[in-house]
Each structure stands twice: as structure tokens, then as C-alpha cells.
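Note that the chains are named A, B, C and D in the order they appear, and that numbering of residues resets to 1 at the start of each chain.
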Amino acid sequence: MKVRIGSGPMFEMKPIHVTIWNEFVPERTDPKIARIYPNGIHQAIATGIGPYGFRIQTATLEQPEHGLSNEVLSQTDVLIWWGHLAHEKVADEIVNRIQARVLQGMGLVVLHSGHRSKIFQKLMGTTCDLKWRTDAERERIWVVDPSHPITEGLGEYFELQHEEMYGEFFDIPAPEELVFISWFQGGEVFRSGCAYQRGLGKIFYFRPGDENYPTYYNKDVLRVIANAVRWAALPHGAEPVYGNTQPLEKITRGEFP
Amino acid sequence: MKVRIGSGPMFEMKPIHVTIWNEFVPERTDPKIARIYPNGIHQAIATGIGPYGFRIQTATLEQPEHGLSNEVLSQTDVLIWWGHLAHEKVADEIVNRIQARVLQGMGLVVLHSGHRSKIFQKLMGTTCDLKWRTDAERERIWVVDPSHPITEGLGEYFELQHEEMYGEFFDIPAPEELVFISWFQGGEVFRSGCAYQRGLGKIFYFRPGDENYPTYYNKDVLRVIANAVRWAALPHGAEPVYGNTQPLEKITRGEFP
Amino acid sequence: MKVRIGSGPMFEMKPIHVTIWNEFVPERTDPKIARIYPNGIHQAIATGIGPYGFRIQTATLEQPEHGLSNEVLSQTDVLIWWGHLAHEKVADEIVNRIQARVLQGMGLVVLHSGHRSKIFQKLMGTTCDLKWRTDAERERIWVVDPSHPITEGLGEYFELQHEEMYGEFFDIPAPEELVFISWFQGGEVFRSGCAYQRGLGKIFYFRPGDENYPTYYNKDVLRVIANAVRWAALPHGAEPVYGNTQPLEKITRGEFP
Amino acid sequence: MKVRIGSGPMFEMKPIHVTIWNEFVPERTDPKIARIYPNGIHQAIATGIGPYGFRIQTATLEQPEHGLSNEVLSQTDVLIWWGHLAHEKVADEIVNRIQARVLQGMGLVVLHSGHRSKIFQKLMGTTCDLKWRTDAERERIWVVDPSHPITEGLGEYFELQHEEMYGEFFDIPAPEELVFISWFQGGEVFRSGCAYQRGLGKIFYFRPGDENYPTYYNKDVLRVIANAVRWAALPHGAEPVYGNTQPLEKITRGEFP
């Protein structure tokens, strides 16, 4: 679709293609969670970020290739990931495929317990371990980088009245951009919004979203996810060439045995 | 102006307001440079990035308030800065005003010899000194972060056949995002594309553009400047509140003398 | 002094020369504070980090040149800075002198309300503003980078039972190394240990230490300050040369008008 | 061993235990390389950094467990890694063991073609691919962070008259600290000194050292390796605790279904 801004030239407006991946396990095995997310966390997120104008599809663990065929991934600008109980059931081949796509420029937004997913661990190079407590406590998420586009439309902080706690030390590489820090009622803090670059791709880890709480209906949480999708879908440069290469300048050398 | 993407909701497309500031001294005092930039470097840049659809105005040193009144700055999304011979003639009051606007979210793109401008030094906190040589040598600018939106539309590198050399050590804070590194024929390297965040604002330093060479007619250079403007105009978060503040949680304390 | 490790060669052990600067105002004007720090905050810190083997001297605002003559600074490896009420009374000339020394390699450890000192603002390029509340509440300081030498000897966190609160947003450049995050009882978080490099020098900002509380007698606080001194005194490279420079390689160029 | 500095207290001086790992393949299969490194690259490095006072041992691919048993690793403060032809022959179990030790605080210095080693790829999360050319050309390595302890004792740059070229894009996470940038005669640049933190451990990648050239006899190269060992052996904090954890503050909550 082409648009013109003011008297400027025509621009191609490209819609952002988002694939929301969910293991879709707790919502089908635990009635309490099924009541919160009757159609699954992926559908709640899809509905929640729908108004932001993305082209959204979903994929789940039990689908062939976990719903992440080469074709699906090649048409995905940003992949959102939610997993918790079934990390080990994700096939290594699919994990390698996702990693390759991220390095080629696909964005990746990892949510909550996705911190221990194979794909996040693989891209971080660390255990991504942390402290946790499921005690329905209050979380207050503070913006510590208001220059970041992921903070658009938020206030200085927002609150979740009942959430699982994640506490430091969070075993990740130091975020290239630290956007949020959480305060927890029980006395902990957590780096809750962490941005990275890997290859041509952008990665954002966002903490909230335990399946026991209706977090993915919260408007600020949805705003952050939508903002993160837009940020991760920003344009990137040309695909690099690797390997043996000819010189661009004449090489003159002195004595070499 | 409102647009719709696919079947999504209507979006407000906001044009980006760019002010190009130029000291406009060498083009009026040196006939050789006047031949290259007869209407000034600012006009060459304005023409060159025009096709990207920005709302562009220019400002120069000799105008009242250097053309940077509170009104102009408050309506500027991104300020582009070129200066060389007249850094000391820029009034401190205007420099402070620009700094304040950057901290409130205005983008700033500093070009070439602007590295020693008062505003860049003030925002960096260092001397911003470097090595230099005006010898019309070849510069090859390599992309070292192809995930960055500022590299959109570029190849793996681009060349300028005749440019001034800038060499390390460049006395700046380590860039938060290092996008380009230059190779020079005379044997030096330089961190040529350096991105920073300060307050709500984004800053990009881009090396090329000595007045002795027709650099601002080069399509890759113009592309980088246009990309930098878009990046620096990305949305930001809410303006922070500072100072004395009431607690958000009840404070209970033990014995305190 | 020369030492040998095992059967290795002799090494020169160089003592670290530390200058502790204090405005020394509240301790002399407020009896309540004088009771906590009868000899001044600088003396409490000097006593507290004494066992770490530094060569320590102190300097205060009312001394000639604020005790920071060229001679003193040239013999200082690391400068510790505490100020609060009298930031504006520090002469710009001395501030410029300190900045120059930091860029030449002197370490700088800025404590608590020193966030609004002229020297810290000048080196950061931002307002360094924040939220605050003096309400004797509990602060829990979490280690978020246990790889950092400044965390040596600490546990996963340490607590101060009564401290002033500092809250985000803290208007600083994103720390190059974020070492500590504080949790406050009243609901805020704060980036409490922030490491930077400027020129050849290293800078560490450490949050705790309001004059109303006996913070500088806390063993973990003293440990952090001592660790920060050692880190800021690590060796650095050669002083750079700036300005016009001869090529290191032969420059051959094509047609240039 | 205990020492006293000046009139300060006694300190425990701990020697740094270094293990130099080499696949030790090209030196035994290619007579031309055997002439340069008759006892292997590991021995050349061991001899070269010997004067810096480390406790050095070596390990090679063909040894049981590649010479990297749990006992050896647990007593290693810093592991130096050289590999090229036999990356795939390194057992995954040993790679996992090294990763775990790095996360627990062991330093890792990866040299030259080690960029494609399993351990470096695993810790980086990327392909670590690059451009290369074996053409005996000149490399000039520029210091771009003279505040870094790894630059101690170096000039502003140093030269290697004949080296293999490595060119950008180098597919690594953006270095947390970028210390060196190489200039190559053939027209490329490369981020040659890259520092990272992972868990409690520090990692340094250093580019030079192709087996075809006598690079590991160069005094500046040896100085960098020795400096990197010291940096990677700096103290770190306490080992974190992960998993389910009790609150440190009383949690009071409102209505929760």
C-alpha cells in the first residue's frame, strides 16, 4: 500500500507480519488457567495487540514443526514466544531454524517464562536462570529508558496487582538497552525489559505474563508488546557475505619468507 | 494525515520536522568551497534528503538566535548540525537550549566537524578530539551493525573517493550503538557512526562531510542522514517527574533514633 | 616496593593514592548530622576504607582551590566526591581541572547527592536529576552484575535499614556497566551502581550515603567504595595524540580537481 | 603469599592460574608452520607471557578430555583458547563444561580462529562468521578504548607486518567493551578486541594469531594476551542462587480470586 505524507513522495507502507507462538499447555491442563485464558495465551495476545494493525497468525507446540515451518518463518517479521512447561519438547531443529532467521533479521519477543526456552538460551549463551515465587504479589514496572520507542504511550511506571515474582540475579548478558526494572512487594528487583541485537535481528525480553494471572489483558502490557513488535520490525541492513574475500586495495608487502 | 494498513485501524501518519543548522561560513569565505556548495551545505543536505518526505527548514549562525528560537526548536523533531570554523561563536544560551530540547526528546544528528561543536561536547562530557588530515584520500565506511535501522538500503560498505581523514583515538564516550567504522587509505580507522541516548532524545554522530569535498551529494551519505533522522524521530516515553515524591507503598520502619 | 609471586619475576606494587573530597557543610551546620559524622563524612570514609591499604588524603570546599590544586590532583589516582548543599559553590575552574584529570586517567567515585555536582553533570552531559524522599526507609541493594570486580566480597544483596530514597527516572546516560539496583520500601527502584569510561578515566556512581543516616559506617557500603577505588585505579593505555597527523601508508589517489 | 604496601595491612597475593589450550594440529601436520612454532602455539604463548608471573599449564585436543578435566578447569582462573582446523573434534561435553565454568567465574581469552570454536559460538549465541584472506598483508591495530586495562603498556597502535585478514561483518553480539579496531592493507576493518561478561565470567576475543605468521612472538600481542589474562582474572561477586525463593518483605495483597 502506498501513502503520501504531506507533499512528499509516495511511500510503501508494509504491514508487519507477526507470529505468536505458544506451547499452549497449561491452558489445556489446568482448569484454573483455562478460565483465565479459555482460548490460550496466544489468542489473548492476538486479540490484545490486534488494534495496532499487525497481520497476526498463531502457532503452537502440537502443530507439525510446532507451526514454524520454513515457509511460516520466512514470512514472519516478528515472532512472539510464550513457553513454560514444555521447553524440552521443542525440537532442536526448529530452535536452530529460529536462530538462523533471527540472525537474518526476524525480530523475536520473548515473554515471561520463555526466559528458559531453548531459543532464548541459545541466543543469549547463558542459563537465563533467575529467582521466582508464585505468590500473587504486586509488581511495579518502572521505565528506566524513556528515550526507547518501546516506552511510547506508557507513564513513568505501571502496576500489576498480582503477578509471579522474578528476582535477580538474572543470568543473561547485560542488556544492550535496559528499558524496564520491576519492583516486587516481597523485596526483589528484576531487569524486566531487555533489548538485544543478534546478527540482523532484534530481540526483546519482557518479564510479565504468568499463566496464573490475567496479565495479557492489561493495556500497558499489551502496549509494550505492540511497541516491541514495531521496534523489532524496524528495517535492517544488507545481508553480510562471509568467507574468503578478494582485497579492495592493492597489497604491497615487504620481505616475507 | 490518517492511513489504514490492510484491514487494520486508521493511523495518524506524522511528518518528521527537520531543522538543518549550518554555520554557513566556509561556503561564503572560500571560493573553492563555494563552487562545491554554492547555496551552502545546509541546502545541499535539504535537497538531498528531500525525497524522504521530511518537513525541512534550515537555520544558520548569523540569524537571530542562530535561527534556533524556542519556537523553532519546540517544533523540531530532529536537528541536524554542521559547524567547523565558528564553534566558539555559537552562544552558550542557545547551546543550553538545544541540550534541554534533546533531553526532552528532540533528535540530534551531528555531522563531521560538528564533533567539536559546543553542543556535542556538552552532551558527551568529553573533548571529542581526534586526529585529522586533509589529503583527499579514500575512505571506506563499513557497516558493523547491520541490525541497525540506520543501515537500511546500504551495502556492506560504501566508499568516498576523496575525504578528510579522522583518526582514533576519538575522545567520546563509547558509543551505545556503533554502526560504522571507517578505513582510510593513510592507515587509520575511525568510529564513524555513533548512536547515543540522552534523556528522552537520541543522538547520532556521522563522520563524513568535509567542506572541501562533494560528500553531501553522495547517495549513501544522504541515505544515512535520512535514516538517522527517522531513527532519531522514533517515539519516546513520557516526560519524567523529578524531585520530592510521596511513597507508593506504606513505609513501616523499625527503631530509628 | 617490589614483590615476587611464587617463582615469578619481581613486580612493582604501586599504592593507590585516594583523595576524598567533601563539601563538609551539613556536618558543621546541623547538630543532628554532626552527631552521626562528628569529623565529617570524609573522615568516616577515610577510616572505613583505611584497612584496604590506600594512601588517603582528604580535601574540603573551604580549603584554597577546594583542596584540589593541580599538584594534589596530579598525585591522585582516584578522587571520591561527596557534595549536597554547596554544589554551586564549587568553582568552575576546579571542575574543569577535575574533568581534564579524569580524561587523562584519574578515577572518580561519585557518592549519593554528588549526582547533582557540577563535575558529574559535566561528565555525563545530562541533568542527573531523579526522584527523592527523606523518610528513613529500607533500601535493599541487589547485585545485577556479579562478574564485576566492584561486587567482590558482597552477597547477592545488602540492606540499609534507614536511607533516603532515590527513584527513577535517573537522568544519566545508560550506564556502560550497571552493577547495582536498589529496591525501596516505598515502591521505587534505582540504578544504584553505574560505571562509565570517559577518556582514559573510569567513573563510578554509587547511590547510598545520605548525611542523615550512618551509612558510611556500613561494612558493605565501605566494601563497595574500596572495590570501586581499586577498579577505578586499574591501569590504562597511552595518552592519545590529537590533531593534524601524517599518513602511515602511502596515499595514491585518482583524479581530484 | 602475603605482602604489605607501604605501611598498609598485609595482603594475600594470589597467583593467576592460566591454562593455554591449543588444538595443536597445524604445527604437527604442516612443516612450514612447524618451523614457526616447533613446540606448538601453546608453548610459544606460554613462553611469551611467562614473564608476567602467571602459573601456566597447557592442554591439547588429543589429551584425555582434551586436557580439560573437571579438576583442571576448577583450578583454572583463565583459559586461553586457540583452535582452527579441529573445532568439530572438540567434544560437546567438554564445551558444556567450559561454558559452565565461565558462568561460574573462569575467564576466557579466545584467540584468532577460535572465533569459530564451539565454545565461543555457544557463549555468543551467533555464528561468529567473518570475511578472511590469507595474504600476508599488513595489519595495524588501533586502541579505541585507552581507559581499558587491556591497553596497558601499548602505544596508540601497533603493527603486524604479515597477517591473515579478518573483515567485517563479524557476526558477534556488539562487544560490551570494544578495545581494538584493525586496519588492513587490503581495505577492510575489524573489531579485533572484544570484551564480554557472561555470568560471573569475563571473555576477551583477540584477533591476531594466524598459524602462518610468527605473531605470537610479537611483544605487543603478548602484552595484550597477558593484560587480558589479568583483566579476566579480576575478582567477582558471590555465586547467585536460583529458583524458588521466600519473600524478604511481608506481602499484603488485595482481593485475589
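General remarks:
The rule we apply is simple: a contact is a pair of C-beta atoms (placed from the backbone, for glycine too) under 8 Å apart; a residue touches a chain by one contact, two chains touch by 3 or more.
Chain by chain, the UniProt names read as follows: A, B, C, D = ThuA domain-containing protein.
Everything quoted here is computed from the prediction, not taken from an experiment.
Copies chain B and chain D of the same sequence differ in orientation by 180 degrees, per CA superposition (steps of 5).
Between the interfaces A-D and A-C, more contacting C-beta pairs are found at A-D. The geometric centre of chain A is 36 Å away from that of chain C, both derived from CA atoms.
The distance from the centre of chain A to the centre of chain D, with each centre set as the mean of the Cα atoms, comes to 31 Å.
Among the residues of chain B, those touching two or more other chains are numbered 140, 143, 145-146, 156, 167-169, 174, 176-177, 185, 187-188, 197-199, 240-241, 248-249.
Of all residues in chain C, those touching chain A in their complex are 140, 142-146, 156, 167-170, 174, 177-178, 181-184, 187-189, 191. Those residues of chain A that touch chain B in the complex are listed here as 1, 3-6, 8-9, 11, 13, 15, 51-55, 105, 140, 143, 145-149, 151-156, 176-177, 185, 197-202, 234-241, 248-249. Residues of chain A that touch chain D in their complex: 99, 103, 122-127, 129-133, 135-138, 161-162, 165, 167-169, 171, 173-174, 176, 185-188, 196-199, 240-249, 251-254, 256.
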